[in-house]
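As written, the chain order gives the labels A, B and C, with residue 1 at the start of each chain.
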Amino acid sequence: MLRYFRKRLFLLIPVLLGVSLLVFVIVHLAPGDPALTLLGPNATQEELVELRTQLGLDKPLVLQYGLFLKNILKGNLGKSLLSGEPVLSELKQRTPITLRLAIWGTLFSILIGIPLGTLAALYQNTWIDNLCSFFALAGFSFPNFWLALMLMLMFSIYFPVLPSSGMGTWKHLILPVIVIGIQNMAIIARMTRSSMLEIIRQDYIRTAHAKGMPSRIILFRHIFSNALIPVITVIGLNFGNSLGGLVITETVFSIPGTGRLLVDAIRANDYPVVQGGVMFFALFVGLVNLSVDFIYAIVDPRIKSMYR
Amino acid sequence: MKRLRYMSVVFSLLLVCSWGTLAFASELKVALVGGLQSFDPHKANSATSAAVLNQVYNFLVTLGDDGKVKGDLAESWEMTDDYTWIFHLKKGVKFHNGEEFTARDVKFTIERMQDPSTGYIGTILRGKEIESVEVIDTYTVQLKTRIPFQPLLFGLTRHELGMLNEKATLAAGSEYGKNPVGTGPFKFVEWVRGDHITLEKHSDYFGGSPKIDRVTFRVIPESATRTVELESGGIDLLFDQLPPQDFDRLKTNKDITLYEGPGPSSHMLGFNVSVFPDKRVRQALNYAVDKHAMVDTLFFGKAEVARGPMSRSIVGFDKTLPEAYPYHPEKARALLKEAGYESGLKITLFTDPRTDRKEVCEFVQACLIDVGVEAKVETMEWSTFLATTSKGVEGLYLLSIFGTGDADGALHPCYHSSNIGSSNRHHWSNHEIDDLLTKGRSTMDPEKNQEIYDILQRKIVEEAPQIFLVVPRYLGASRANVKGFKLSPNTCRPFVNISIDE
Amino acid sequence: MEQEKLIVRDKKQSQLQEIWRRFRRNKTALVGLAIVIFLFLVAFFAPLLAPMDPNKAFFKDKLQLPSSTYLLGTDNMGRDILSRIIFGSRISLYIGFIAVGIGGIGGTILGVFAGFYGGKLDNVIMRTMDILLAFPAIILAIAIVGVLGTSLGNLMIAVGISHMPRYARIVRSSTFAVRGQEFVDAARLVGAHDFQIIIENILPNCLAPIIVQSTLGVAQAILAVASMSFLGLGIQPPTAEWGAMLSAGRQYLRITPHLAIFPGLAIATVVLGLNLLGDGLRDALDPKLR
């Protein structure tokens, strides 16, 4: 089994290579001039040329790509064109902020999503099922920035109990975490529901019932533990996406996270930050997916038996 | 026994006193629209960076409330000839690290700006115009310019010319951008990039110790969030970019003080003149836009119709100029017919994605339909927008012009043909305008200088290289307990005189 | 041969009936269907339903609250919000379907080839999909739009491309499931081309998950475009797209919140309807959940 995962880890490398090429191409295809952003609208031609040389932007593209790859292998993700800061240090500073949001958001969505999905599955096709599914989906259907704005309006202005932006105290986390959680709980609830429905119909559950096992034990020992396995995949996928995927929440609540860093960099043609950032995200996604598969393999008895 | 009681009384008194001072440590929280680029003035050229830098540094000269130049670190100055400026510096000015400010620091600062290896990215005062800086004595410095350069003083007021301490700057090397030392009323404490900047007061400030102990700049890019923070008390001061619709709404709020003043920047839709060579078409489009309606609809009355290429806050503005091209759709149609476009005209308006900019284009679009002109709106990211318009767009582009604060800074980059391909986005080459601009730079006599710029402004209106739009007013707000703040159209002034009532 | 075809046809018909019966039982799915049908009707009859030209600006009437003339009020340029929402339905449907079409067709083709031929082709295709998936969806879309420009077409291409990997994955696993079965080998023996086999045998098997994913995909595409508009990269003025309306309305949130509330509700309703429908289809089409 370890061999399988080593192979998967190894397979990450061509994917990362592909990502590096794709992002390099996209970023350099995009029209725009970081030198102009830096110097402002009144820059003269000579100043632009001078700055571009200084920033190393005048070298041939293939050379720039080669340098980029070489530096990555050394662990150097480059320096931001706009701030001069090493990309890695900017990422190091912002990643914990976004991860904190992601973790709490995921916890919140699990806390609400799994019970909802369970109820819906246990009472399939009754009004409880409909209500729970509706609830879960409703959260998913509102555009998240709209939700964020409404919550901000409600809890920072009309009833001023929560801060509306920035970070620092646990109070600052509440609104963004709610927004993220509501968005994600639908998928978790849905997955829980369909997974549980599948398990419930299995023969061994019927057998346990027939043997006279109390429903609660059946629920927790057999149904839950098996049903939650595919849910882990979904949670993992969501989490893996969060470094870049939380940009809207970060924008509305003015939280200096990695999503905003990347989007701002894309808009300003800050090549090193985009390239380095995307590589970082891709690595993160790859590792998270791998870990999820690993947990899956450990927890799912079917797969475990495959490797016995 | 007695002694114990005595000690406990003293102790509790001390506790109360220290608690008292802690409670009264006043902090001013200010909202910033974007992040700080660097504390190194030679690497920062955005307006938000200027707001922060102006608290930490001083300059040889600065702009007064009337928009005119007055001395800051320089006590007085004179010109011995057309090329030579002598500045007499104030004595006893202390840097944040305790060192005294001397002429050597001036020489160091300006030469560092001119040194290509320090990566100076400001472009307003290009440094090329300054030929040499000499230390005459500890408090006297001499600047020689290459050509007679009238805009020098305005250039020196820019935040990029913050005076550096030679010793500290050299010691910090490439890390200077995060460890600034200046003479300003506030000194550096902490910077979390993208989130906040903290400064504390410099009690030895030569202009008197500031009344507040700390200043925290919070980066809040979302406009709606900024206003929310102001109302909830998360922010004490919003020194610019208060949305005009919120202005009227906040008038009844007793916890908020509002500020209003003349705006610095003139919005305009520039023509790529090589795509629109017929002056009649350009003038027609000018007549087609109802600027007063724009002021009402988009700016809620908080703007002025443009009277030329510059706003009235810019020194050199011709006060006798009338509004440029008052709304006249019949004239517009007539001119278009004359130029051969009776059956209609299709054009494209380019802008960056900011909502207020898009709204202006939408508004113009709606006006132009009435005279038979179909306008498409296209947005591009700011850096792409700047690059593409420099190369030349197939249509009009929306920009807001300010410059340095004087007429040369506002006009030369945009209209001089030597800047075609960079800052002259009109791609306009007009010999008369070029000559006037060059002459204006080196005319040192103020009256003759004003004459030249008066002619220039009228000529530019007449030739219509752009659709003259509006000059939005500068709007700000603070909590009602913040006292002493004055709105300034050119930049954010040092917070020396601001105090917070409890 | 004819007899067999008849039997197959009957089987298919009763299968469809069965599916419909299951679908009907699910109340929320019916609600979803109703919403989606309503959306189509509104979009189709938009010029008849809308009281005014959605782009005509009456500057003097700006920012009015709902009244008898302007049933949902006016926006900041004095345009009727109701008319804009009605016409906005066309754009949302247009966006949703074309984006999903691009992603779906592209992803299906890739997935089928990956699943059918396996081996190296499978590897290459799936690695490419992995590469796309390594980008957070919104980042990928923003980057593509950054390159191509912010026109409607480019937006749909960007969103479509970011959806492709999902379809590829789903179709690939369905293809795998069918490929090994005997009738495929049988068809080969009879001399059928690969192409024929794919169209007649494999694709119909993938149809169910593709339909479900597409329904949900339209919803996701609408949300994605709205998010891009919120960041300023989406639809250009004066086109009445709900996300753009929301984005423009948010600066007036404090004085006239209805500018943002109504388009937000429109998006939420449509997306909810599509999601309910998609869920209902998934339940009805999945033989395991009988």
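Please note the rule applied: a residue touches a chain if its C-beta (ideal position, glycine included) is under 8 Å from a C-beta of that chain, and two chains touch if they have at least 3 such contacts.
Because the structure is predicted, anything quoted here is derived from the model rather than measured.
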- Message: On a CA-centroid basis, which chain has its centre farthest from chain B's?
- Response: C
- Task: Please list the single chain whose C-alpha centre lies closest to the global protein C-alpha centre.
- Result: A
- Between chain B and chain C, what's the gap in Å when you average each chain's C-alpha atoms? 46
- Message: Suppose each chain is reduced to the average of its Cα coordinates; what separation in Å results between chain A and chain B?
- Response: 39
- How many angstrom lie between the CA centroids of chain A and chain C, rounded to a whole number? 22
- Note on the structure: Shared-interface residues of chain C (touching two or more other chains) are 146, 231, 250, 253-254
- Item | For chain A, residues contacting two or more additional chains | 30-32, 149, 157, 251, 267
- Message: For chain B, give me the residues that contact two or more of the other chains.
- Response: 224, 380-381, 384
- Message: Residue numbers of chain C touching chain A in their complex, please.
- Response: 25-28, 127-128, 130-131, 133-139, 142-144, 146-147, 219, 223, 226-227, 230-231, 243, 246, 250, 253-254, 257, 260, 264, 267-269, 271-272, 275-276, 279, 282, 286, 288-289
- Message: Applying the document's contact rule, which stretches of chain A touch chain C when the two form their complex?
- Response: 11, 14-16, 18-19, 22-23, 26-27, 29-32, 125, 130, 133-134, 137-138, 140-146, 149-150, 153, 157, 186, 190, 194, 197-198, 201, 241, 243-245, 247-248, 251, 259, 262-263, 266-267, 274, 278, 281-282, 285-286
- Task: Using the touch definition up top, name the residues of chain C that touch chain B in the complex.
- Result: 55, 57, 59, 62, 76-78, 146, 149-150, 231-233, 236-238, 247-248, 250-255
- Item | In the complex with chain B, residue positions of chain A that touch it | 30-34, 36-45, 47-48, 50-51, 54, 82-85, 90, 93-94, 149, 152, 156-157, 160, 163-167, 251-254, 256, 260-261, 267-269
- Query: Which bits of chain B are touching chain C when the two form their complex?
  - Reply: 223-224, 227, 243, 245-246, 249, 290, 293, 296-298, 353-355, 358-359, 361-363, 365-366, 376-381, 384
